[in-house]
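What follows is a pair of complexes built around chain A, which joins chain B in one and chain C in the other.
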Partner chain A sequence: MSQPALLRLAKVSKRYGTVQANKEIDLEVHTGSIHAVLGENGAGKSTLMKLIYGVEQPDVGHIYWNGQEVHLARPSDAQALGIGMVFQHFSLFETLSVVQNVSLMIPGKPADLAQKITDLGDQFGLSVDPHAMVHRLSVGERQRVEIIRCLLLNPKLLILDEPTSVLPPQSVRRLFETLRKLQADGMAILFISHKLDEIRELCDTASVLRGGEVTGRVDPREHDARSLAQLMIGREMPNVAHAAPRPPGEERLRLNALSHPRASRFGTTLEGIDLKLRSGEIVGIAGISGNGQQELAALISGETRAQEPGMVEIMGKKVGHLGPMARRKLGFAFVPEERLGRGAVPEMSLADNSLLTAHSRNMLSRGFIRRSVERAFTRECIEAFDVRTPGPDAEAGAMSGGNLQKFILGREIMLNPDVMLVSQPTWGVDIGAATAIRKRLLDMRDQGCAILVISEEMDELFEMCSKLHVLHNGHLSPALDAAETTPQEIGRYMIGAAT
Partner chain B sequence: MKFRLIRRDTASRLAMFTAPVLALVFTCVASLVLFAALGKDAGAALYALLLKPFLSWYSFSEVLLKMAPLLLIAQGLAIGFRANVFNIGAEGQFIVGALCASALPVYFPDGDFPLMLPAMIAFGALGGTVYALIAAALRTRFGASEILVTLMMALIAVQILNYLLLGPWKDPRGFNFPQTVMFPDNAMLPILFDGTRTNISLIFSLLASVFAYLMMQHHFRGYQLRTAGLAPRAALYAGFSASRMVWLGLGLGGLAAGIAGASEVAGPLGQLQRSVTSGYGYAAIIVAYVGGLNPLGIIASSFLISVIYIGGDNATVSAGLPVAAVEVFQGLLLFFYLLTFTLIRFRIEFDRKVPA
Partner chain C sequence: MSGLEFLLAGTLAASLPLLLAALGEMVVEKTGLLNLGLEGMMAIGAAIAFICVFHTGSHTLGFAAAALISTVVAMFFAILVIGVKANEVAAGLAIGVLGLGLSALFGKSYESRTISGLPKIDIPGLSDIPLIGPTLLTQDIVVWLAVLGSIALWWVLNRTKLGLIIAAVGENADAARSIGYPVVLIRLCAVAFGGAMCGLAGAYASTVYTPLWADGMIAGRGWIALALVVFGTWQTGRVAFGALLFGILSLGELTAQAMGVGLPSQVLSSLPYLVTILMLVVISRRRSGLF
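Our next item is the complex of A and B:
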């Protein structure tokens, strides 16, 4: 290779307090290459991207652009060189139109910008109406806006952070086509992901990160997903062997034509949702977040009261008018998607967080807190669910997402629920913890618990559920047998192409 | 140069103790400079402010007298504050408590009412509670901010007081002064130490502190209130009723302020007069926060603030310090306390500039 790499990192390290986020990272990205950065959550992918995009500066090490050493003090420095980044969480103003959002970052007359947006869209398959309001756009369209906004700065390197995590399968296809066109156009692309199949399909080089270090540099097309996973987590992939589900038992949760108006302009109105959940089965609700998932979960948990008692039935009782505590007394438990601030109080110790929902487990005596029972429960939860923490006194806010999720799930499971609602069980959780969490849910099912899982991860739903629904725009699809349906069919429901 | 506040990894228990001490030291240094610039004897001023309250039994007993209402009201308010229920108008509940308690001796000036004193305290407690619960009703029913409602109701309470003192409750033999009759003996709180004005309301306050400590630190109700304050969505998730937290937070604050108001007229004042609007209700907000909203911390902070009040009176008399300078001293103390407390809980991180 006579030509210097477009971007080269040499022995780059970054430390936050006691955490070594990146350690002596070497990385080379060449023009016309789609380069994957692969790693579990917490492996240091995000930190590395922040260093490249100038959000953070390395403690040690050098960054070279076209062979010249550069110092990136802020993102605008990186943009000036020709580095663009599309973040996992979009930064668009929902109340503005596409072209207005773009013009906040790119100088130029709105009419010219609108033309450029249309042109780029035609060229790279990124079609989007420049004058549409952002809050009306689908997730895929919003992502296209983000990409277009980067492309207008004429980047030579485009960084995409977990771009497929929010997309239905059809949109993923479309994104890949766009990326291939950009690659053919001479662009270098850094593609961050933990989805192995996508990387094998799209990328020509992969750098594998583990514990802040590069543990492998491979051509992903020459490896199967299993060996990539092994590089990524440093051991054999844990194999989830599940017993075939037994025939489900009696009905434990039922939604009867559940409708609820949206609470705010950006909420979702739920319409006529019917659902049945029986003992010993896991039913999944697929769909992209923002299609009514939060609203539905809150109506089932009791955080939002239904308009009529009969719309929600738990254990055969009409509970639509009851609050969360009354529903828990009937044997209901709930793991919400937000862990900090909802499933747990960040400023409180784990022991005090046990009290949040497990107070009925003999933790109170005439209303006074029995600290010894509280601590014993917490210790048991920490041990049984492999929560990595110094102990029951550790603050919940100081724990990693995966560990906190194991704690919250453990706490709810230890309540021995008859019905359980789990929302986004493995969001932001590394593979090891995610596998453990799924195994726990399957164990619960085998013990006769009725479990409803709301998730964006389709693989996860297919792995665990016997029946699937799709929530799109406040409507729930009919139940689909997981053994007979396909991701493509689910995808059609996700984008509203099937009803 | 930009900088950010980063929360320290270890929220140290030590901070609770070091912050007030450091704040006191900084305040002394700053006020030494200030008093010297005013051309006053700075040493004498500080001596009067901080040491004199401890040097005679009488001035120390005055500190305890001031401490009683501050401590009681602050404990009540802190319960609400921890649940994010901001009762800013304890002054109003204090006044209404004093009014309700005064009704008995005003209508039975000879003291021929059974259980006069307990009934007065109960009336005061009831009055303060009901007055605060008006704000709770408006908040839970209509979503009206309790901050504004309680504050405005405090102003209304002052006008009710004025009306009664200038009209129906005015002492007929009081030379037209806006005050009621002097209360009969059985309407007065027993004195705790002979020869001082310190009365048993100090015991009420200490009992309230024990109650607040047990409830907030060891009872499930207190846990629910803390959860509602720290993470409202977690409280909703757990199913703790948000409106119950509002009723409880405001009700207990009003209860404490009402008892304090009753104790004021049945204690040092001995009648209802305009000076009952002494600002205890507002000062208690500062006391609650300086005490870190912690029941034990509030005992310490109410003592500290009382010392500064009494010391401030001393300093205006003996060191010839203007009243404004004393107020500046009190302001400085609060300022430095917030500063040190912030710096102990957070560290400052500067954005380094790297040449491009």
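Our next item is the complex of A and C:
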């Protein structure tokens, strides 16, 4: 190669305690290239980005910028070289306006900055009102603000950490157009993702990480998604073909014109939600988080009481006025999206976490806890659901997201529920565990359970569900037949373009 | 002097301790902390200022000493909360009790002693205006400085980069840290500012408003100031308006007693506190979006 790489990592390693997060990583990023870093959760992608952005320092190894060795002690060192980063969880201030947010990082008069924001927006398709308050912006607009804030520092390398995980399909298109324009403008881009199709569409080079090591350097355009996945998880992809559902049986959950005012200024008001869920079927609710998903889940689980008893019906009974315990007695089970704090108590052992929802399984005797039953139940759950943990005494808070999710789901499934609500089943869960979780849910369906899944992952919903709804701004779309609808149509509902 | 003239002349002075303490606490809360020790910081400031003025006769020295001692007490709070990450409610209450205790200790041998207050300034032209001239517009120097200071604080918080940084730190400290702002230092400065303002508030109460030392003379004004920050929804203008309102209420109580309103004085004295509770209830209900 005639000219040195813009960024080169040579044998970079980083260890946290006993965990080898990155091991002898070599990486080269060239100007004008969109370079993918591909890997499952826990493969070491985030650590690697922290090393490049100066948040952490490598234990051994060297980092070169334009052929010169550099030491990045803090993010401002990386920024000074020309490295910009767009975080997965945005670091914007919601109560400030766009231009105020930008001015916290970039010197200059507000009026000049507003003009620059508008100019960059026109140039790269990142239009956003500089004077809008951030809390009023959509997720896509917030991401544009983050990118603009980075671009104003004139970076030569832009790092994007899972940028599409929060976006509806239309915004993903738009983001890709922006990134291609930046690439044509001579920018190098590091694109971190676990979504194979996106990487194949956008990137010209991919480094695959597994267990902290680089396991492959490929041109993603020349590989299909299946072979990329194999590089990523290190084995054959599990077969995702499932048996077709049998015709559904009787109705088990019904929402009748469910409306509920928002509880706070940042909440969502739900309006006139109708939904039917029958035995032996999985119904999915798509949509971006924050459009009423949490409110709806709380109303179905009983954490929030509905305004009329008849707005929520479980197993044919009006339960809108009943609490979670009473609804669970009817055969309802719930896996919430927050694993720590709602699904499990972080400071308590797995065994005690079992007790929280499975106490009716003979775990109590005259008000006293029968520890042996509690432990036996927990051990059975750990084995049956492949939870990787030392045992029933392990603290819930010390487990990885995927393992804890398998435990919580297992605990609820072992109650043999008739109706189940599962919220964001595979958030932050690696591909292997996610596949296992989906398989379990489909098995439950085949045994006659009625399952409602709320998820942001459209692929997941299309894989499991026979009917789909979309929740947007507190309104639920009519039921769409999963076999007949398309991701594009779902996407139009997600941004409110169709009703 | 009629009741109206009495109100016009006295409201600003009666509001001043509330105003200073509330504005200081507002800045603390804007950076995302909560210091419940206002009452104690005001009390120790009041005691030190009184002792200082009693011995030296200099109000300037009294105010400076009060600001200093209350800042020191506030720094205890900062060390506990920012340094060793203690619970801020417990730490705030603790330094509040500490301040009250120290003020009683230092002030013991000065009980019921008096000093001279500050003269009211006649500003030529202003004080010739009928009715409000000799009353509302004839105030001591501290009142005028406080009015100017409040305007300056509003300008800093709403029109400068520093104000923006304070708001950013309070809203999302992690994000502020990630873009390179010294969050700890900013919070430390805010707590110090809050302490100094409480010291000045206490000094005004004990050496100008009622230039006499009595144990417990702050009499809950620290708690009212705390409530005013919420009442004013963390905005300088509204906090100042709230302070004026309570100033009028506390004077109105005196006027009513003087005019012989047929209510027990205890009922009248409790009015400002009852109104505080009512306002807090109204505001917290509105903030949760119920009306």
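Definition applied: the second predicted complex is superposed on the first by the 499 of 499 C-alpha atoms of A that agree within 3 Å, B and C clash if a C-alpha of one lies under 4 Å from a C-alpha of the other, contacts with A are read in each partner's own complex, and residues count from 1 in each chain.
In the analysis below, a contact is a pair of C-beta atoms (placed from the backbone, for glycine too) under 8 Å apart; a residue touches a chain by one contact, two chains touch by 3 or more.
Small disclaimer: the values here were computed from a predicted structure and weren't measured.
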| item | value |
| --- | --- |
| Chain B versus chain C as contact partner of A:Pro75, first or second or both or neither | second |
| First, second, both or neither for A:Glu94, with chain B first and chain C second | second |
| Touching partner for A:Glu201 - first (chain B), second (chain C), both, neither | neither |
| Which of chain B and chain C A:Asp481 touches, first, second, both or neither | neither |
| Touched partner set for A:Met105, first chain B, second chain C, both or neither | second |
| Chain B versus chain C as contact partner of A:Ser264, first or second or both or neither | second |
| Overlap of chain C and chain B interfaces on chain A (superposed complexes) | none |
| Chain A-touching residues of chain C, taken from the complex the two chains share | 161, 164-165, 167-168, 171-172, 174-176, 178-181, 287-289 |
| Residue numbers on chain A that touch chain C, as the complex places them | 74-76, 87, 91-96, 100, 103-105, 261-265, 267 |
| Complex interface listing, chain A residues touching chain B | 17, 57, 70-73, 77, 301-303, 323-328, 334, 336, 338, 341-348, 352, 355-357, 359, 364, 367-369, 395, 398 |
| List of chain B residues in touch with chain A within their complex | 9, 11, 214, 218-221, 223, 226-227, 230-231, 233-234, 236-241, 352-356 |
